[in-house]
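The two complexes that follow have chain A in common; it is paired with chain B in the first and with chain C in the second.
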Partner chain A sequence: MIVLDRASLRYGPILGLSPTTFELPDGGGITGLLGPNGAGKSSLLQLLSGLLPPSGGDVRVFGQAPFRNPAVLARLGLVPEGDRLPTGLRADRWLRMMGELSGLTGEALNAAVAKALETVGMADRAHLTFTRMSKGMRQRIRLAQALMHGPELLILDEPFNGLDPEARLTLMALLRDLAEKGTRILVSSHILGEIAQLTDRILLLFRGRLLAEGTVTEIRQLLDRHPVELRLTGEAQVLARWAVEQPELAAMRMEEDAVVISVRSPRDILPRLQKAAAEGGIPLRALDPLDLNLDAVFQYLTKDHA
Partner chain B sequence: MSTAIPSPLATIRATALGYAPRVLQGRGWVLAGLVALPVGLSIVIFTVTRLQGVEGNPGEALKIFHGVLVMMMLPIMALVAAPAGIREDLEQRTLALMLVRPAPAWAMPLGKGLPWFFWGAAWLVIGTLGLQVIGGDPALLPGRLVALVSAWWGELALMTLVGLLFKRGTLWGALYFFIWEPLVRVFPPFLQRLTFTHHIESLAGSRAAEVRANQMLAQEQVTTHPVLACLALLAFGALCWALAGWKLHRTPIGLAGSEAEG
Partner chain C sequence: MPIYAPTLPPAPDLHLGQPPVLVLMRFDFTRLWRQKIGRFFGFAFLMLLLWKVARIYVDHLLHTNEAFKPMQDFAKTILTQGADFQADLLNPASYLLWFLVALVGGGLVARDTLYRVRPLMYAHPVAPKDYLLAKLGFASLLPFTILLPFAILPWLMSLLLAGFHGPVWATAPLRLLPAMAIASALMGSLAVGASSMAATPRAGIGWVLGLVLGASTLASMIHGLTGIAAVDALNPIMLAEAWPQLFVGVERPMVAWLPAFLGTALHIALWTFVAAKRTRPSEAVI
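Up next is the complex of A and B:
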C-alpha cells in the first residue's frame, strides 16, 4: 500500500526528512508514527498524502506517486495537525463541499455526510459554525471530512493533541473500529503511551531519520538497553550505598541532598526502589526521572545509529 | 465507497457554493460599503441641495464614477476581496484540506473567487444605477455597467494571482493600482493600453476633457473600441484566473502553508 524508497524532503536548505525507506502492506491495521516534535513526522505524512512531492527518492501509495494524483487522493483521507478550519462556515455545509471535492454527488453525498457526522458523534451539532464549536468538536469534524468518502488509507497527524481524556478514548475506539473494518490507519504522535494504546506496530522517527521499526515490545526493549537518569532525593550517603548494590547501575553522581543514578532497565529497578522505600530501608523523599522523556530516548537511539 | 474524480466545473461549483456564505460576513459588507457609501452620500447631498433649491451639476455623476468608483473604490475592493479568496486558505493553513481531495487544484482559485466576484459586481451595478439619480447620462449607463463589472473581473483575478505569486501580494497590488494606473495620463499610447483605466474609459466614456493645462506631461489619450476593451478586460481576467490555478497546481503547499523544495 505504501512504499518509500530513499524518499527525502527538503524545505529549502532545511532537511525535513532524510532518505527514508519502508513499506506498509495492504489491508487494515494501525501503524503508529512516533517521534518528538520536529522529528519529521509531518513531513513524512505530507509526502504520503500527496501534499508535497519528495525532494529525492520515490514515494508510492497504492502503487502510484501521490502528489496531485487524483487516483491516489480519492482513496486516502487526511486529518492534518492543528485546529485549523475555515472561518465563518457551517460544519455541515463545509462537509458537503469537501464531499463534492471528493467526487460525491446526490444521494451518495447526503448519505456520506450524515454517516460521517454520525460516526464522529456530531450529527446534532453540525449546523454550528466552526467559531462556535469547541476544540474537541472541531477535531471530530476534521475527522469526519477525512472519513466521508470511505478512504482505504487514513492518515492522522497528532490527532490527540488538545483533546480531553474522554475524547481521546472515543477517538481511539473509533480508529480501532475502522482498522478492524479494513481501513489502513497511519497515526502520528510524540507520546509513546498514546501510540502503545492504539497499535502494536511503530515507526520511530528522529531528526528526519527513521530510527527503528517494530512492535511496541521491540521498541521498549530497544529503549531499555539505554541508561536512564533518576534523581533520588533524601540522605545521599545512604541512597548511594543502596544504589551501588543494584546490578542495573551504570553511573552515579552525588548532589547536596540527592544522588543521581544512571540505570539500565528502569522497569526492573523501580519496583525494588519502591519496595525499599516503603519498608523504610532507604530514606527516599523524592524520585525524579531526569530523562525519561521521548526526546532523551531518541537521543540515545541516535547515538546508537551514529 | 467508490467516488468519481470531480470535473473542473463540479470543483468550481462546489467551491463557489461552499464559500458563498462568506460574502455575507464582515468583509463582504465592507465591500458593499465601498460602493454604497460614496454613491449613497452623493445621493444624500444631491437631494439636500435640490431641496434647498440649488440645481445639481450633471457632471457630478461623471466625476464620482471616474474619480471615486473607478480610481479608488474598484482597486480597494479588489485589495479587500482577493485576500479572502484562495489566499485566505493558504494563510489559515486550511488549503491542505482541499488539496488532499481528488478535485483539480487549478480550478479552486476561480471557484473561491466567484462568490466575491458576483457579490462585488452586484454592488457595482447598484452603485452605477444609483449614480443615475444624481444626473448620470442614461446613454452612458450600459457602458458604465459593463466597464465596472468587467474591470472588477480583471482586477479581482489579478489580485488573486498576485496573492499567490507574492507573500506581500496586497502591497504589490496597491502599488500597481495607486502608482501605475494614475500614470495613464502621462503614458504614451502603448502603455495606456496596459492599464485598467484605459479600457474602462474606452467603455464608459472618457474624462479626458478634464485634463487641465497645468498637466504638462499629459499625453494624447487613445481609445480602444468598446467591444475590444470589454474583451480585453474579460480575457485578462480569465488569464489571471488560469495562471492562479496553474500556480496553485504546480506549487507544493504543505501543512505549514509553505512550499517545500520538492
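Up next is the complex of A and C:
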C-alpha cells in the first residue's frame, strides 16, 4: 500500500526527513508513527498525503506517486494535527462541502455524511456550530471528514492531542474498529503510551531518520547492546544466588523483596528460570520484564542515535 | 481491485460531482449569505439601487411633465448627464463595495490559514490551482454580482419609460458589463492577495484596507510631487472607477486607457502571484 524508497524531504536548507525506506502492506491494521517533536513525523505524513513532493527518492501510495494525484487522494483520508475548525460553521454543512470536494453528490453524499457521522458518534450533534463543540467533538468531526469517501488508508497526525481520557479511549476504540474492518491506519504521536495502547506495530522516527520499523518485540530483540532487565520477586538472596550462576547475566541489583537482573539473551535464560521455579529450586513469586515495552525501546533507540 | 472497508461507502467516482472550484465558491457564497454582514450589505446596496432607479424616474418626469419644466435647467446643473451619467450608474456604490470586499475578501484565505483548512482540502482531490481559482472567483464574482443590478435595472427602467431615448443609453450594459468585470477582477485579486498574507481574518481585512488606501495615498503623493497623472493608475479605487468611464467614453476619465490597462494588469498579476505563492501546499504545513 505504501512504499518509500529513499524518500527525503527538505525545507530549503533544513532536512525534514532523511532518505527513508519502508513498506506497509495492503489490508487493514494500525501502524504507529512515533517520535519526539521535530522527528519528521509530519514531514513523512505530508509526503504520504500528497501535500508535498519528495525532495529525493520515491514515494508510492497504492502504486502511484501521491503528490497532486487525485487518483491517490480519493483513496486516502487525512486528519491533520489540531482541532481548530472555522468558527460559526455548522459541522454538517462543512462535512457536506468536504464530501463534495471528494466527488460525492446527491444521495451518495447524504448517505456518506450520515454514515461518517454515525461512525464517529456525532449523528445527533452535527447541526451544532464548531464554536459550540468540545475538542473531542471537533476531533471526531475531523475524523468524519476523512472517512466520508471510504478511504483505504487513513492518516492521523497527533489525533489524541488535547483529548480527555474518555475521548481518547473512544477514539482509540473507533480506530481499532476501522482497522478491523479493513482500513489501513497510520497514526502519529509523540506520546508512547498512546501508541502502545493502540498498536504493536511502529515506525520510529528521530531527528528526521527512521530508526526502527516492526513490532516492539522485534525491535527490542535487535537492540543487542542493551541487556533485557527482568525483575524477579521473591526471596531476594536465593534468587540472586541462582542468577549469578547464569552465563547470560550482565548485571544485577538488589531490591527489598526482589532482584533485578540484566541478561543478554532472555530467550535462553527464561526456560531455565521457568524450570527452576516449577521444580521449587527458587522461591519466585513474580517475573516482570522492565524494558520490553515501547518506552524502553524508544529510550534505547533515541539514546543510541543522539 | 482496491479493498474497501465493508461498512463504508465506496470511493467516489472523481468524474461525478461538481468541480472543486464550483464547490468551494458555492460554499463561500452560502456562508456569506447566512451571515449578518451579508444581510447588512444586501440592505445597503438595495437602498442605493432604489435611489438609482428612482433617479431615472425623476429624470423621466423632468423631461415629460410640464409641471417640472422650470426645474429642468437646475436639474441639469446638479445631475450628471450623457456619458458621465452612464459611468455614474456604478460609482456611488464603489466605496461601499471596496469596504465589503475588504470585510469579506480579507478573511477568505486568512480564515483557512488560521484554521489550517488547506491541508485538509489538499488531501482531497483539490489542486492548489482549484483553491486559488475558487477564492479569486468568489472575491471577483461578489462585486460583479452586486454591480450587476446597478447596470441592468436603471437601463431596463429607462427602456420601459422612454424607449431608446431615455437617460440610460440602449448600449449602456454592453459598455458597463466589461468595465464591471475588469473592476471586479481587480478587487477580487487584491482582496485574495492581501488575505493570503494575513494569519487571521481580521488581519486580512486590515491588509486589504491597508493595501487599497496605502496604494491610493502613494499614488496621490507621487502625482502631487511629479505632476504625472498616469501614476494614478496605481490607485486601485481610482482604477475601479475609471473603467466604466473609459468604456462609456467620458470626456475626461480619471485615468487614461493605457495607464488604466497597465495599472490593472500590474495589480491583478501581482496579487494573484502573491496569493498563488501563499497558498501552495508547502505553505499549508500540517
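Everything below uses one rule, namely that the second predicted complex is superposed on the first by the 218 of 306 C-alpha atoms of A that agree within 3 Å, B and C clash if a C-alpha of one lies under 4 Å from a C-alpha of the other, contacts with A are read in each partner's own complex, and residues count from 1 in each chain.
As a convention for this text, contacts are C-beta pairs under 8 Å (C-beta built on N, C-alpha and C of every residue); 3 or more make two chains touch, one makes a residue touch a chain.
Because the structure is predicted, anything quoted here is derived from the model rather than measured.
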Superposed on chain A, are chain B and chain C clashing or fitting side by side? clash
Classify the contacts of A:Ser55 with the two partner chains as first (chain B alone), second (chain C alone), both, or neither. first
Partner chain in contact with A:Pro80 - chain B first, chain C second, else both or neither: both
Is A:Leu9 touching anything from chain B or chain C once the two structures are fitted on A? First, second, both or neither. first
First, second, both or neither for A:Gly27, with chain B first and chain C second: second
Which of chain B and chain C A:Gly182 touches, first, second, both or neither: second
Is A:Gln139 touching the first partner chain B, the second partner chain C, both, or neither of them? neither
For chain A, which residues belong to both interfaces, chain B and chain C? 11, 42, 46, 49-52, 68, 70-71, 73-74, 76-78, 80-82, 84-86, 88-89, 93, 97-98, 100-105, 108, 112, 142, 145, 149-150, 157
Sites on chain A touched by chain C in the complex: 11, 26-28, 42, 45-46, 49-52, 62, 68, 70-71, 73-78, 80-82, 84-86, 88-89, 93, 97-98, 100-105, 108, 111-112, 115-116, 119, 142, 145-152, 155, 157, 178, 181-183
Which chain B residues qualify as touching chain A in the complex? 1, 3-6, 10-11, 13-15, 17-19, 21-22, 25, 88-89, 92-94, 96-105, 249, 252-255, 258, 260-262
Where on chain A does chain B make contact in their complex? 9-12, 16, 42-43, 46, 49-55, 67-68, 70-71, 73-74, 76-78, 80-82, 84-90, 93-94, 96-98, 100-105, 108, 112, 142, 145, 149-150, 157
Which bits of chain C are touching chain A when the two form their complex? 2-18, 20, 23-24, 27, 30-31, 35, 111-112, 114-117, 119-128, 281-282, 284-286
